[in-house]
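Each chain gets a letter, A, B, C, D and E, in the order it is written, and its residues are counted from 1.
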Amino acid sequence: MQNKPQKNLNTTQRYHRSVVFTFMTVMIFPVLATLLYSLSQRWGATVLPDSLTFDWYLQLWQDARFLHAFGNSLLLVLGTLVLCTVVIVPTAFVVFYYFPKLDRWMNILILMQFAVPPVVSSVGLLQLYADGPIPMVGTPWVLVGCYFTIALPFIYRALATGLQGLNVRDLMDAAHLLGASTPAAFLAIILPNIRKGLMAALFLSMSFLLGEFVFANMLVGSRFETLNVYLYSVRGTSGHFTSAIVMSYFLFTLFVTWLASRLSR
Amino acid sequence: QDMTTLIAAAKKEGTVNSLGMPNDWANWKDTWAQITQKYGITHMDNDMSSAQEVAKFEAEKTNASGDIGDVGQAFGPIAKKKGLTLAYKPTTWKDIPAWAKDEEGHWAVAYTGTMAFISNNKLVKNPPKNWDDLLKGTYKVSVGEVGVAAQANSALLAVAIAKGGSEKNLEPAYKFFAELAKQGRLANIDPTTALLEKGEVEVGLMWDFNALGKRAIIDQKMFTVSIPLDGSVSAGYATIINKFAKNPNAAKLTREYIFSDAGQINLARGYARPIRSNVVLPQDAKDKMLPVAEYKNAKPIEDFAAWEATTKTIARQWQEQVMVYKK
Amino acid sequence: MGFLEVSGLAKSYGQTRVFSNINLNIKEGELVTLLGPSGCGKSTLLRCIAGLTDLDQGSISVLGQDITSLVPQKRGIGMVFQSYALFPNLTVAGNIAFGLKMQGLPAQECEQRVADAVALVELQGQENKPVQQLSGGQRQRVALARALVVRPRILLLDEPLSALDARIRKNLQEEIRRIQLQLKLTTIFVTHDQEEAMLLSDRIFLMHGGHIVQHGSAESVYTRPASAFVAGFMGSYNLLGVSQSRALLGLEIKGQLAIRPESIYLVRSGQLGLPELGQQYPATVRHHQLLGNVIRYHLDVEGSSERLMVDELNRSSAYLLPAGAAVSLQFNRQELQEVQ
Amino acid sequence: MGFLEVSGLAKSYGQTRVFSNINLNIKEGELVTLLGPSGCGKSTLLRCIAGLTDLDQGSISVLGQDITSLVPQKRGIGMVFQSYALFPNLTVAGNIAFGLKMQGLPAQECEQRVADAVALVELQGQENKPVQQLSGGQRQRVALARALVVRPRILLLDEPLSALDARIRKNLQEEIRRIQLQLKLTTIFVTHDQEEAMLLSDRIFLMHGGHIVQHGSAESVYTRPASAFVAGFMGSYNLLGVSQSRALLGLEIKGQLAIRPESIYLVRSGQLGLPELGQQYPATVRHHQLLGNVIRYHLDVEGSSERLMVDELNRSSAYLLPAGAAVSLQFNRQELQEVQ
Amino acid sequence: MNVISATVFADAVVSVKAKGQRFRHWRAVLILLPFVLLLTVFSLAPSAWLIVNSLKVDGDWSLANFSDILGSVFYRQAFGNSLWISVCSSLAGLALALVTAASLRRVDCTLRDITVAFTNMTANLSGVPLAFAFIIVMGTNGAVTLLLRKAGWLGGFDLYSQTGLILIYTYFQIPLALLLLYPAFDALEDDWQDSAALLGASRMTYWRCVGLPVLMPALLGTFVLLLANALGAYATAYALMSSNYNLVTIRISSLVVGDISLEPNLAAALSLMLTAMLVLVVLVNQYLLGKNHAK
């Protein structure tokens, strides 16, 4: 009789686990499919591929253009993330420390980033900056700027959550009384405490940005070929090959995320 | 006359950037390789649609990133009207039929394609030979981006021509596809290489050079390519040189090369039909082509003005007359 | 001249006035408490003194030197916040060393002073723990050590104990007092707990409605409240109105009469009482409460509708008066306090 | 037979045993407190009784009826959580009505009973406020009303006052007791504050190390602690070791001698003392603390290294003994308590 | 949007003066400058361009673009489709993420960490790769499709249809929803459920009466983000069905990057209406949130 509630607990526990497992299974299906496709010689209208091979990867990783594009993408994404960090972190701090009322407006501003699809704003950007006083189109700089707007919502939200959980006012006051200037207190106290959320947001943004195509193709194209522009330009070659590209950068993000979570522990 | 000066100037520029001329389209690959090898001019391509190319020329003005582009024939006059093109007549100019070139040299069609069927042999027992076969089959038909892509629009025109319509009148085509849609056999997908390879496309409609090219990449035995015998349409692709090109001479030289014998043979090897009929094709290039007999009912687009007007309505008509029947 | 002098301080948030014309004069090495109900502006006053909030009027000086417009960093003030405000990314030692690092002290001296501070608050062995792993009481010690290690001229404590439970609170009260006396640190201690204030402080400043309503030693504030508010705030006073006090004690007063329950003498039947206190008033025990070392009787006095509280030491259960027992009360007239 | 009987209760989390063989026997209408230091398992025990945590062994019955395996919904138990667990999306009235709605009561009766409950806890006029806008004390009342309105057979209170500040706590203690007596509700009150326990309860169950170490009335637990732990926990006892107690009082004991500071008599020089208590021990005042109604003297007794605490009522400052004053002490031998 | 930001910073300046710490606060305002600059150049300016151009027809000011759109069944259908797919996929994504997030809090932390990391990863599966992955699995001749067809369980399912599109949209909404929603569950205290149980509420009743209402602001906020995400999505739908399905973004892109004609002004007008729709949703959301707070 006393065991009955015990069993109850186990069933709820089991329920929660099964929900999570089902979720994982469903979500992983497309990823596995891509992986399998990239590893198969040929996979036509059949349930399973005909034969497996590593050729696509070998071919891919020997392609200098791919490596170059990969390098470009990484450089671009890294640059963007650095810019984001340097600009958004102080901004979020200033908002929360000096002008808490601004947060509401920031949230609206952030939502607006979703409102104009890249296909459209790229046309506007093309018209505005192709020529004229700031001819950025065709240079990676314009992409850095656009990527900034893409990453902004994720990073700002993460920082806002972190700062909300932190008693910024008291911590800053305490640091001031202990002789720290505002910048010093920010660097020594606030920054380390929002680092975790920031890192998570940066990695999320990284995977988003690595997959970005519209801006890259419209604004810069081959002048600074990125991974997805490359993917697009070789899309006619083979689905297996493009799957290999996708899996390559997928595994790359997975690896980097894992590494980061390892290191930050 | 000034070929030597042109070559010298082009070599000095040392590079040429193209828009919408990727390696896997009509065998541009060989042309680029040969230009690089012969003149030491390096090349980069940025693949995009015709409209994007024109838009990019227009937007970038003097900060031009593309020197030369390859657009559907209809876009040649548009680009010229917008004042975005640089005129250049290659030495082989007189060999190009009048319908395929701008008299001032702002654009010139280098090759043509004809609407064709591509059928997956495994999924389709009796590959269609003419449009009526499509209606009788049990397979799904993929047309591509109707209303957006010139290729898909041309498929509609091909049906219309076969069924008694014209550039002005696509009604027969809409009826035809509506019938397919009612049967639940109109697939909403674009017949790309990857989808052909995956076996998602049972029968696709596309330019012959595209169909043959994709078949060659994927698997020669997997597909059957044929021109609809009861009527099809041919259309050309024209090169335009950017008026603001950073490398105008290299671009001119590129056009020169494309219209040279070697360039035209390259296109033929890419399954495209070269515009110059006086080029002697090597046997391997000839072998790649479909039998000439299949082309007997294929007609070129004649009334460009009407066709341009019609294309603007296609997207809407397609949704209203065809997609409504889709199950 | 006091060590810390605050004069004419006023502060408003927008239209709402928090306080005005606040004057404090604190001697060197003294511990004063700022006592008052929640929301009366204690924290705001403390923050003004520390320079964390700008004031509207008034001046603050330390040893005659005006510090009103100095930035907080330069005031030489240490503060322990109610929330402790420990830096969650640093260890115990890291928190304590923070202020020293900001002063740019050499690592060795830094280490030595941190070790001393750790010893002072008895946290040896915990130096390398992250502060999140500490209990409430331990956190409080870290916050204290962190404020003390930079050797401030003045220490401000903003309700440092209110988040702790009763038993830990008692220990820490004694400890704070011990350390403050040992270092002879001029200290302002903010609290809304009058027992804490009495236990700890040399002087109490009682704040209410944006003013200091009374100040003086704990004993004087406790035994001679200036107003009914103070009386009610400082302890469980019996408060008699004009008519009650006339009827019961024959005293003519203007405001109210405050009588501490422990100043009333309970004379058991058969006992004589204290002759020097004079008249005895018959009363009946209604019920009692055990407050630990004290038993509080609630009694009805004859000829009065007022129920009075009287405290006796919890000496022995043999002495316990049952409900209904008849007793007499004697009042020490010197201890009756008339308040407004 | 008691109203609520708990027998042989045991509970472990994985390898760690929280408690074992807990037995309680609670009469109808009784308020008992479960007193013990933090982490001793009080909350866990309460949750077991409510059915929120399953137990490893033992049984729980109400009026002889076994409820051990009943779901919490059917036990007829009301509970007030330390965090109050008010539903933040509902108003005061919405929170209170929640349980009634669950019973599917008609709207009108529901309304009537909510109004009664609101009146009981004196929250009239606050019915439609969101609970976030309430102060701590008001929240506590809402939680209480919510638990009471469904008319539970048993009320469980898990440290309902520990989050409140001292003054509000005192008011609410009295209020809880008043309501409990008025409704004659069988109640278990969990606390770690011994003053609260003494003030409120009919009986105290003192829990320590996974066991009930002592139980009985507040007076008996306070004045006759069974162990040094209980003595230390219940008040500021003076604890003397074997040799100390022999040297000072000539008493041979086995464990420790616990002497409450208020049971020692202070005889001022010139006074006679109480003859029935016999011997007087000379001592010197070291310092004193003002604890409000009581003054605690710390004294050195001649011939002993032990410093003793002695409490006196804070009767009048005229009686205050200065540091260094020579006095005599008398002990009431009946009040000396030998503990383990 | 320019207007909004202008008032935002005017607000800031006013509060600076009110607080009287002018110097310190001006420095703080300076720190906001790079942010404002970047946002202006890369987000506000193109948006302004959008507004201006949507009001132009052949170089003249006109509202013709808007009247064209509103008068066209075709474009109205595009809006209808976009909205329908976005709402369906956002609701489905939200519901699934809700169930998962609720369970995620109850499992041991290793599994939780893995799930969160994994979700992070799948968040970047979108656009062409996602569409292709689904084609491999569920396309006309996809692996699962073939299996189900063999088993005879396949109803009329077609990936290349509205249903298919909703399915695939839902897939890319789930990770985003989960990542946004998961932290909100911290607001739920365990005691609430216990308390509700003692008051006679079953688990379901608890969720209906307490859990969900408490999560409402987070749910609403997440829903708006998901909706925005879905409304603006383009690459996935395009990769799956090319332009054969009538969605606003696809119409927009076909007007600016199509092979046939180039009408950036009409595209701008379409985008502006899409934006307006989103702003409307945001405002409704803010209003609901405000009401929730006021309560």
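Rule of thumb we're sticking to: a contact is a pair of C-beta atoms (placed from the backbone, for glycine too) under 8 Å apart; a residue touches a chain by one contact, two chains touch by 3 or more.
Protein names from UniProt, one per chain: A = 2-aminoethylphosphonate transport system permease protein PhnV; C, D = Spermidine/putrescine import ATP-binding protein PotA; E = Spermidine/putrescine transport system permease protein PotB.
All values derive from a computational prediction rather than experimental measurement.
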Chain-touch separation of chain A and chain C, in steps, is 1
Chains adjacent to chain A and to chain B under the stated definition are E
Farthest CA centroid from chain C: chain B
A count of C-beta pairs in contact puts on top the pair A-E
By Cα centroid distance, the chain farthest from chain D is B
Dist(centroid_CA(chain A), centroid_CA(chain D)) in Å evaluates to 55
Taking each chain's centre as the mean of its CA atoms, chain C sits from chain D at a distance in Å of 24
Distance between the CA centroids of chain B and chain C (whole Å) is 89
Residue numbers in chain D touching two or more further chains are none
Shared-interface residues of chain E (touching two or more other chains) are 132, 136, 141, 256-257, 264
Multi-partner residues in chain B (2 or more other chains touched) are 48, 52, 55, 123, 194-195, 198-200
Residue set of chain D touching chain C in the complex reads 37-38, 162, 165-167, 192-195, 198-199, 218-219, 222-223, 234-236, 260-263, 289-294, 311-318, 332, 334-335
As the complex stands, chain B meets chain E at residues 48-52, 54-55, 72, 74, 123, 140, 144-151, 153, 187-190, 194-195, 198-200, 202, 308, 311-312, 314-316, 319-320, 323, 326-327
Chain A residues touching chain B in their complex are 42-46, 123, 126-127, 130-131, 135, 137-138, 217-218, 221-223, 225, 229, 232-240, 242
Within their complex, chain A touches chain E through residues 12-13, 15-17, 19-20, 23-24, 27-31, 33-34, 36-37, 43-48, 83, 86-88, 90-91, 94-95, 97-99, 101-102, 105, 108-109, 111-121, 123-125, 127-128, 134, 145-146, 148-149, 152, 157, 161, 182, 200, 203-204, 207-208, 210-211, 213-214, 218, 231-232, 235, 239, 242-243, 246, 250, 253-254, 257-258, 261
Chain C contacts chain A in the complex at 47, 50, 52, 71-73, 75, 77-79, 81, 83, 85, 87-89, 98-99, 102-103, 146-147, 150
